[in-house]
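Look at the two complexes coming up: subunit A is in both, with subunit B in one and subunit C in the other.
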Partner chain A sequence: MSVAEAELAGTSHAPGIAALHPRRRRLSTRLLRSELRIIAGRRRNQAGLLVLAAVPIVMAIAVKMSTPRAGEGPDFLSSITSNGLFVPLAALSVEMAMFLPLAMSMLSGDAIAGEANLGTLRYLLTVPVNRTRLLLVKFASLCIGAVWGIAAVALPGAAIGIALFGTGPLTTLSGSQIGFGAAVWRLVLVILYLAAGLAGLAAVGLFISTLTEVPIAAAIALMVFTILSWILDSVPQLGWLHPWLLVDHWLAFGDLLRDPMAGGEIGRGLLTAAGYAVVFWLAAWARFAGKDITS
Partner chain B sequence: MTQLTAEGEQAAPVGRASDVPSPAAPSPARAAVPDASLAIATHGLTKRFGSQVAVNDVDLRVPHGAVYGFLGPNGSGKTTTIRMLLGLIEPTAGSRSLLGMAIPQQATIALHRVGSLVEGPAFHPYLSGRANLERLDAADVLADPRTTRVRIGTALERVGLTAAAGKRYRAYSLGMRQRLAIAAALLAPRDLLVLDEPTNGLDPQGTREVRSLIGSLASDGTTVFVSSHLLAEVEQICSHLGVMRDGRLVAQGTASEVRGGGTVSLHLVTAQPEEAAAVLTALGVQSVIADVGEVRGIPGELEPEAIVAALVRAGVGVRSFTASSPSLEDLFVSLTGEGFDVSG
Partner chain C sequence: MSLFTDHPRTRWAAPAAAVAVIGAVALTANHVASADPSLPSRSAAQLLVDVQQANLKGLSGTVVQTSNLGLPDINLGGSTQGGSSSLTSLVSGTHTWRVWLAGPQQQRLALVGSLGESDVIRNGRDLWVWSSKDKTATHTMLPAEGAKPGAASTTPGQLPKTPQEAAQLALSAIEPTTSVETSGASVVAGQQSYDLVLKPKDTASLVASVRISLDTVHHVPLRVQVFSTKTANPAFEVGFTHVDFAKPAARQFAFNAPPGTKVTQSTLGSDVGGTNGTASRAPGTASEAKPGSAPADTEPKVVGAGWTAVAVANLPKDTAGATKSGAPGGTASEVTGQLQRVLGLLPKATGSWGTGRVLEGTLFTVVITDDGRVAIGAVGPERVYAALASK
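== the complex of A and B ==
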């Protein structure tokens, strides 16, 4: 019996059902949308977004209440009073160190390990969802989660900054002044650049998530990875390693606020993030594609 | 009974010989072509975890339209077999096909027509029952989003969960969770249902409902593969049986074939057990045991009528005479070994 005959015979047992479901292979975003609904609907994630959003608000109010003393504070913080858009920039530079990576850790821990822990992974795979597709959808949802997290810092930050300090011309790090519209555009570029950095981190998290069935363990492992990266980045003797570290490039977003924009470091940052994303997504795939699902 | 307990090689042909006339069976290339005449077919399916063999050379043959009871004690390899069927676990050796399609090569098309319940329900606790079903439907590329609402409503209705559909899953009782899992298996029109312990956690009423649900699905032509360690629930609904022990399939066939494999035994109640035992032994009844007021034995080929006639001729008063096949429970114990010890 040939394979063709076998298939013919197989469908002949249920002709009605076979006719109802012709073999459609269209690109569907339903699973991605469902994934985003789950991420957005989870209380813990909503609370996390509130914490992320609270930081720029606290910073802005603190600066507004204090009497400015010249020559103190980090770059952005002292510039806040001149233009409200410096509030989200200052908050982002603070939160990229720990808070935003922590948010990515929680999300990526949920991605595969969380589903395995609940047991929902086996039911997704028997729906069936192709494993490669599942990893692609999970990674896409993490990338969108990264944009959400950064927007949760930047948008409330911009709102309260503009409310408290106005929308005057923005003095770039090079000393020149640009108009408000151009400044908003720069802020959008910063958001996208940092989201790319977090996406690289999310790929690492996705890989870790395929190694365990305990979501919190995956989350902690990604935080350890992040903290180790920062530590290595702070050791001058390891200078040769720094360009290979994901976190080393993150604070280069200040280059987007120069006039004209300095692209070199930004480009290297994007390349590094893309490299991490590709390498670790492939590692996750290599691990997950043939894995026995016993959860 | 001994010939059945011995080994799978002896028992398995019970089903192969008469039940399933399969064109692929005599073929020497036993792993090459998926057998389209069977809803589930495995060939030499084997899974090792390290040094332990969880499933050992299992040849399942589940014909279309059957309600197949997959029996075995805890730890006998039932769930591992089911996970291999559904493509969750890769076998160490052997092949498997669902609805005539090889797994995992054609899993996307095959599994869409298979509803499954594997090792208990699992859903997102903070989503409602309905939202959980919507998520599973969203994951299915072959499902039509226009009919999602109707299909979910029908599935919830069938398992009696409509009233609780809006509640969060975490608030569900075990029985409601089990019902939701069955609803998920019924989300799309299915040709095959693979149900692992479907009545776990259900009260007697719920167990009966699931049984009648399986019955009505089967009468619609759906093949149902039910694993269970509870014999009573399987005994009433299954047309076919397969029995696992220590990772091996030790018996398989139609329910009557598997049960017929058990030896008939006789039970005689009489006031003269000694005389009765002598008559029975003279007739050629094996393993005759005389007790106070009763005699047991294995009549073999002897007709019950002939035995009773001989007893009466010899002047033995017969108060009660029973020649019976073993109950499924006796058979199960004889096939899988007694006791509560978990295999391996």
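== the complex of A and C ==
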């Protein structure tokens, strides 16, 4: 690693290098900010966010026009009439299966393979940006993208839900009622928990993105990974495998809506997501740092 | 860093190491539960005395129940994707309960599904059954004298004078059929516990052994495992994965039906079948009949004794009435239709006793004859046929 690279990385691993440069630069967020600007500026990402946001709005309007009976339709749908905050929860439980992983696939497919496809990857690396740092920034932007995507479901959902159905006390899964403030807090926890799950998926996507130069291939591969996980998760004979599947823990967000909250499965879900993130980020690093960048 | 620069392939060691570390941590987390070898050994009688003298203020915890009964997948509760919270879905698979106990008057069980929950809450004389999926609540007023102490295993009134006496009585009652031994200790839910192992003396039984783990400090049963002669893993297991012996807050037991809930007031006559979910039913006590729900003509006849007893009964005309009355999710006729469909899937058997369908589970065998008799026992099919023929 050259001196310039170490300085740019913002960290100095070797003490000798640190001695040469006693005035360390603080961690620059410029690359991350530019990355986020690019993600936010892409037309396809904006269109994706609109689709994500449309689902809770459609659900809320449909429920407003005809009250569903209990036990019918998607989870939480019948609870919407009692509290608007169930709109984002119902939308998240529907979109978490396919739409949100699809959005993550688009983002992570663009991360490395997209740059390579456009031919911008080599320019990015001649800036010069350390490849490890580039991967860290890409992963950080994907994590922010995960929160972004879920917020794109939850915030419009909460807004229209409150507008149409008001802010009554929220009935937990245990049948008790909690106040509006506590309910908002629970919704925030659900958003963060699901974002952590998507971030684990994003690490897989980042790794796949380093394998190819075709972004659509990377996106499809991550979608295949997600669907395969759901299929494996639905086979009861593979019960030993289920705790190791990322998607198996996603629906555990319901544990945050019990009274009192149940932490065990949530903790295991977060650990699984963290494990996926570490393993696949390191795999992406192993692949990317030794790769010849030709485009 | 130069190693990674000169030999890029060595970088793959990093993700491989991460996988190895995660795997190792996961393995040790499962096997770290090695019991403290310095525990003083206790005899079976001493353990039973401990259990009776247990002075439990209350507890809360998570119970996981796993059953591998070898049953066909019967979806009586309708759609059960991803861990159902319906109380009728208990027959197969893995289920998670959350439990709160505070003395004999306050208990709460919550069956946890992926995005749903069913609760059974007892607070004094109020008994509530709540289902989040269909937003229904059933309220029952219990008689002033607690008829069913729920999960607590004390039966006041008929106790012998001292716990020691009771323990001896219990042991001598099962002694002819069962060998009782203590086999060291184990760790359940992070608690050191003694293992009490019951083994049927009659080798014809499908039950190989029953292992009960008792907490060493609070003398509470923390886990019950039933081993079958057919499989190595427990065929039925119910045990705490997390337990806290502090008395839970009173608000855990307060239930007010939330607005928008369909509340059914129930009298005790049509009792709900949800409260007898504990696994502490001692086998061989010849009380296989469901209390209060069996009319006279369906009173079962018991052939044999102890672990190899086979109960033979006549099916009521309305098959559904036998077990699932009052259970949420599915009317009686729906359940009957489902049962008929399931019966059609079972293998046929013929013998001197007639013809019928056989369900061979890992722990028991059920034979339902075409002429409307049902025989069930924790034995292989031959013993059940013999019991049917002896009628």
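Keep in mind that, in the parts below, the second predicted complex is superposed on the first by the 263 of 295 C-alpha atoms of A that agree within 3 Å, B and C clash if a C-alpha of one lies under 4 Å from a C-alpha of the other, contacts with A are read in each partner's own complex, and residues count from 1 in each chain.
Note that in this section a contact is a pair of C-beta atoms (placed from the backbone, for glycine too) under 8 Å apart; a residue touches a chain by one contact, two chains touch by 3 or more.
Note that this is a predicted model, so its numbers are computed, not measured.
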| item | value |
| --- | --- |
| First, second, both or neither for A:125, with subunit B first and subunit C second | first |
| Which superposed partner A:239 touches (first subunit B, second subunit C, both, neither) | second |
| First, second, both or neither for A:290, with subunit B first and subunit C second | both |
| Contact residues of subunit A, present in both the subunit B and the subunit C interface | 1, 13-14, 290 |
| Partner subunit B, residues of subunit A touching it in the complex | 1-3, 5-10, 13-14, 16-17, 20-21, 23-26, 28, 30-31, 33-34, 38, 41-43, 118-120, 122-130, 290, 292-294 |
| Subunit A to subunit C touching residues, read off their complex | 1, 13-14, 70-71, 75-76, 78-79, 81-82, 93, 171, 173-177, 233-234, 236, 239, 251-252, 254-255, 258, 260, 262, 264, 275, 278-280, 282-283, 285-286, 289-290 |
| Interface residues, subunit B side, partner subunit A - complex | 23-24, 33-37, 39, 64, 83, 86-90, 99-101, 107-109, 111-114, 116, 118-127, 134-136, 138-142, 145, 184, 188-191, 221 |
| Touch list for subunit C against partner subunit A, complex | 1, 4-5, 8-9, 11-12, 14-15, 18-19, 22, 62, 73, 81-82, 93-94, 98, 110, 112-117, 119, 130, 132-137, 241-242, 252, 254-262 |
